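The data blocks that follow each hold one structure.
Here come two complexes built around chain A, the first alongside chain B, the second alongside chain C.
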Partner chain A sequence: MSHDVTHTRTQQEYEYDRKRANLGMRNQVTVFALMIFLTFIAFASVQAGMSAYLVAPLILLFAAVQVALQLYYFMHWSEKGHGMAQFFMYSAAFIAFTMILAFITIIWW
Partner chain B sequence: MDLKTKFTPQSWPAHPENATLEGKNKTLGFWIFLGGETVLFATLFATFLALKNKGPNGMEFSTQSLFELPLAFIMTMLLLTSSLTSVYAMYHMKNHNFKAMQAWIAVTVVLGLGFLGLEIYEFYHYVHLGFTFTQSAFGSSFYTLVGTHGLHVIIGLAWFILLMLRNSKRGLNLYNAPKYYLASLYWHFIDVVWVFIFTVVYLMGVLD
Partner chain C sequence: MSSTAKKKGFGATIWDYLTTVDHKKIAVLYLIAGTLFFVIGGIEAMLIRIQLAEPNNDFVSAGLFNEIITMHGTTMIFLAAMPLLFAFMNAAVPLQIGARDVAFPFLNSLGFWLFLFGGLFLNLSWFLGGAPDAGWTSYASLSLASPTHGIDFYALGLQISGAGTLIAGINFLVTIINMRAPGMTYMRMPLFTWTTFVASALILFAFPPLTVGLFFMIFDRMFDANFFDHLNGGNTIIWEHLFWIFGHPEVYILVLPAFGLFSEIFATFSRKRLFGYSSMVFATILIGFLGFMVWAHHMFTVGLGPTANAIFAVATMAIAVPTGMKVFNWLLTIWGGNIKVTTPMLYGLGFIPSFVAGGVTGVMQASAPLDYQLHDSYFIVAHFHYVIVGGIVLALFAAAHYYWPLMFNQMLNETLGKITFVFFFVGFHCTFFIQHFLGLMGMPRRVFTYQGDQGWDLFNYISTIGAFLMAIGVILLVVNVIITAIKGEPAGRDPWKDGRTLEWAIPQPVPYYNFKQTPLVRGLDTFWIEKMEGNKEGMTYAEPISDIHMPNNSFIPFMISFGLFVAAFGALYHQDADKAWSLPVLIAGLAITFLSMIVRSLKDDLGYHIHKEELMNEKGGKK
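Up next is the complex of A and B:
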């Protein structure tokens, strides 16, 4: 993945890259719209006063999806060269999950 | 390679944050740091979940009686929008458009300040009601979790402001591009943590 820093793009390459960047940015705005939509549904389903056993798993799922969108698109995991980032974050998520599971199950045994 | 080399949009590398060895190392180190931050917040979430609405005394307060969803909703929208504006800033960074990048970071800072203002208002309101840090185990765990996130927001805002001021006359080069990139990653991470706070603390707090 090493990039030659002194390389100057030709006009065609430059225009092609700009077009790709524009498409990528449009994609990011779509992801943002999706995140706003998930947030809105999460708040609305709690306000609607449905059963907690239905709403709680639903909003946790929405949170997980929203975080995945944030990581893969806003924080660029969907682009090349993010293997180490994913390795560290998935390891951290595993530890986090284990810890939270322990605290909510055995503290008030 | 001289880090202060002047670039044009055409000679600017496609991934300026990783174009230098320093940039590559910083990015990797920052992701290790974010992994550590994830575990830090996990301990605070776990403690809050174990202690919420529980304690030997001071049980006149509960998540149901305290939290106001409209306020949490507005705070969520502010922070989520500020996440998008920092994506715009990075889009302009990669196009070597320094002014547009600075402008979008300024918008991000304004939205972040709005979020921070509402959080201070919220804490002030709770303390006024008598729900303080020392009032109960529930209070301690709530303020530690949400307050640590608020501290991260303050650090993120200070980081953005210092970057904008320090580099205002310098323009964009391969020395400061990774700095801007990492600050924006940090800001996204703050939003990631907030997604769990509004879901687990506020929404699920109101549910039970």
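Up next is the complex of A and C:
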């Protein structure tokens, strides 16, 4: 690859990049706050002594949401150019799901 | 800096190969190691056939027979077929996509050394108290009861070489996703690259279940865990599931690249664009997906129940559809082509009927009620040898002839190649066709001998004769390699004259940096397009000549793998009360590995640049 090509950005490009970076930062912080909040509710619901039948599904749901937020925001899936990673992760999840399904239904029935 | 074309001493050459990170040299390493294990596995096969040549034979004992069949299967699948495919992937894929190397050259070398040390470890079991003897599937209730260290060699050895395979697979995925030359869209990739891509994805998803299964096995045997021991609440069936969740995709990991190789060969020697390219790509991906949904067809007789059996039976039969698409596409590629029957093409023509026969018996076995009859009989042995030998080994031999000029700048002798084919092909059908009938007559697989006069004697004898014919074929191939090496005639660029893809556009011998200028890809069969437009250089370039960044050689991958090899001995003997040295060995081995990794992490290794001026002077690039 050639390394000796330098690229000077125009004023517009500079401003555009700045705006995007700002927006990205705001998203990250918002999502981070949301995740802290979800974690807090999870802890609080255990602390409040609610029924396990309510708390367990709630925590699992929050966990799923957090995984999604993690992948889409902190690992940048929501941006362009991550299609392959998404495809592979979804394939893996699908294959893992069929395996778990099979284990539950035909081994441990 | 330039290290091309200097004559080196023997020691320097060895050191070069021990430290190389160049995909072309790693391809050679895979080829040599794979061939070595192929020969070992082949000798084991001959011993099996000699033992079974006549009833009540006592050529080998029952126990030794079990060790031989186990090592034959394990060696052939993990240590011969996979590495040999990796050899051709390494040799061709980066060139096909117009890349200067794989994405992670260091990891490429690490993958090879892990595989080699794992394989050596497994095979050393022969000299250290006995090889594994529970079959290549190593079903838990049998393998947990095995008294020698054989199964431990199996579990630890496969764990190490499996890590190498996983690394190699991930490396190819990243390479194919990220390193394609400008213009090389997914739908312009040659089919060998496509099948390598899908096979690598299968490696990524299929090897972790094997790793988990092997760890459970190691824990059960070494630390008295009870994953598979039903007396203590475990379940022996879990091993079978884990093994086959890996095992079925594994057969597609092997056969998809074989399909890819033949797709290249058919298109090249029919001098026609591959028929139905996009449906080929689609079929490859579909086979990859379905490959994960069918593992329980190996377990119909376990007692999963009619519902599970029915589901897996239908899923298995569904795979025949995309496979059939491929077969028809190959036929239609040849149809109306300007056919040149070279040695690789001859293998291709032999491959189609052989593989179809294996596929048909596969669909037969997929019908669960019939499989109750066929299971664990010689019919199964015939089936998987038809797909493995008739599919994969024929592809490997074809690729050896086809890619020899690319890898070594020499042509294997065509006449001898065709004679080799005849011996091997006739021997193959003679060995295995008749085994279908042995199976139907009731001969079980994995028996070390049988009573005479059940109608099996003659067929077994014929089968053994076939095995000898195959052995002659393999020896002829080796002779061919030696003759060619002695003659040492350079083959030059595009030696088949009909090359279609980028790997043939490069001057020979391939410069160590591959492409002086990254090529611009203008369609499927890039090189063909350029040739047809009268472009003597064979490539349109995407960039001006500029500095090339290259990675440095490294001995660290060897050391990392060697450390694990040493540690495995410590772990293995740690169970024996009288071997106090085992713990220090384990610790020393792990220390070697981790120290090497730390050195790698802390020491900056930024590689070097080949400068523009140097490239201009070098003749390799332009002629």
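Basically, the second predicted complex is superposed on the first by the 86 of 109 C-alpha atoms of A that agree within 3 Å, B and C clash if a C-alpha of one lies under 4 Å from a C-alpha of the other, contacts with A are read in each partner's own complex, and residues count from 1 in each chain.
Definition applied: a residue touches a chain if its C-beta (ideal position, glycine included) is under 8 Å from a C-beta of that chain, and two chains touch if they have at least 3 such contacts.
Predicted model only: the values in this text are computed from it and were never measured.
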First, second, both or neither for A:Ile107, with chain B first and chain C second: both
First (chain B), second (chain C), both or neither touched by A:Ser91: both
Which partner, chain B or chain C, touches more chain A residues: B
Touched partner set for A:Met99, first chain B, second chain C, both or neither: both
Contacts of A:Thr8 with chain B and chain C, given as first, second, both or neither: first
Chain B and chain C contact sites that coincide on chain A, given as residue numbers: 1, 3, 84, 88, 91-92, 95, 99, 102-103, 107
Chain A residues within the chain B interface of the complex: 1, 3, 5-9, 11, 14, 17-18, 21, 24-25, 28-29, 32, 35-36, 39, 42-43, 46-47, 52, 55-56, 59-60, 62-63, 66-67, 70-71, 74-75, 81, 84-85, 88-89, 91-93, 95-97, 99-100, 102-104, 107-108
Touching residues on chain C, where the partner in the complex is chain A: 177, 201, 204-205, 209, 235, 237-238, 241, 245, 289, 292-293, 296, 304-305, 308, 543-544, 546-549
Interfacial residue positions of chain A with respect to chain C in the complex: 1-4, 84, 88, 91-92, 95, 98-99, 102-103, 105-107
Contacting residues of chain B [partner chain A, same complex]: 1, 5, 8-11, 13-15, 18-20, 27-28, 31-32, 34-36, 38-39, 41-43, 45-47, 49-50, 54, 69, 72-73, 76-77, 80, 83-84, 87-88, 91, 94-95, 174, 185, 188-189, 191-192, 195-196, 198-200, 203-204, 206-208
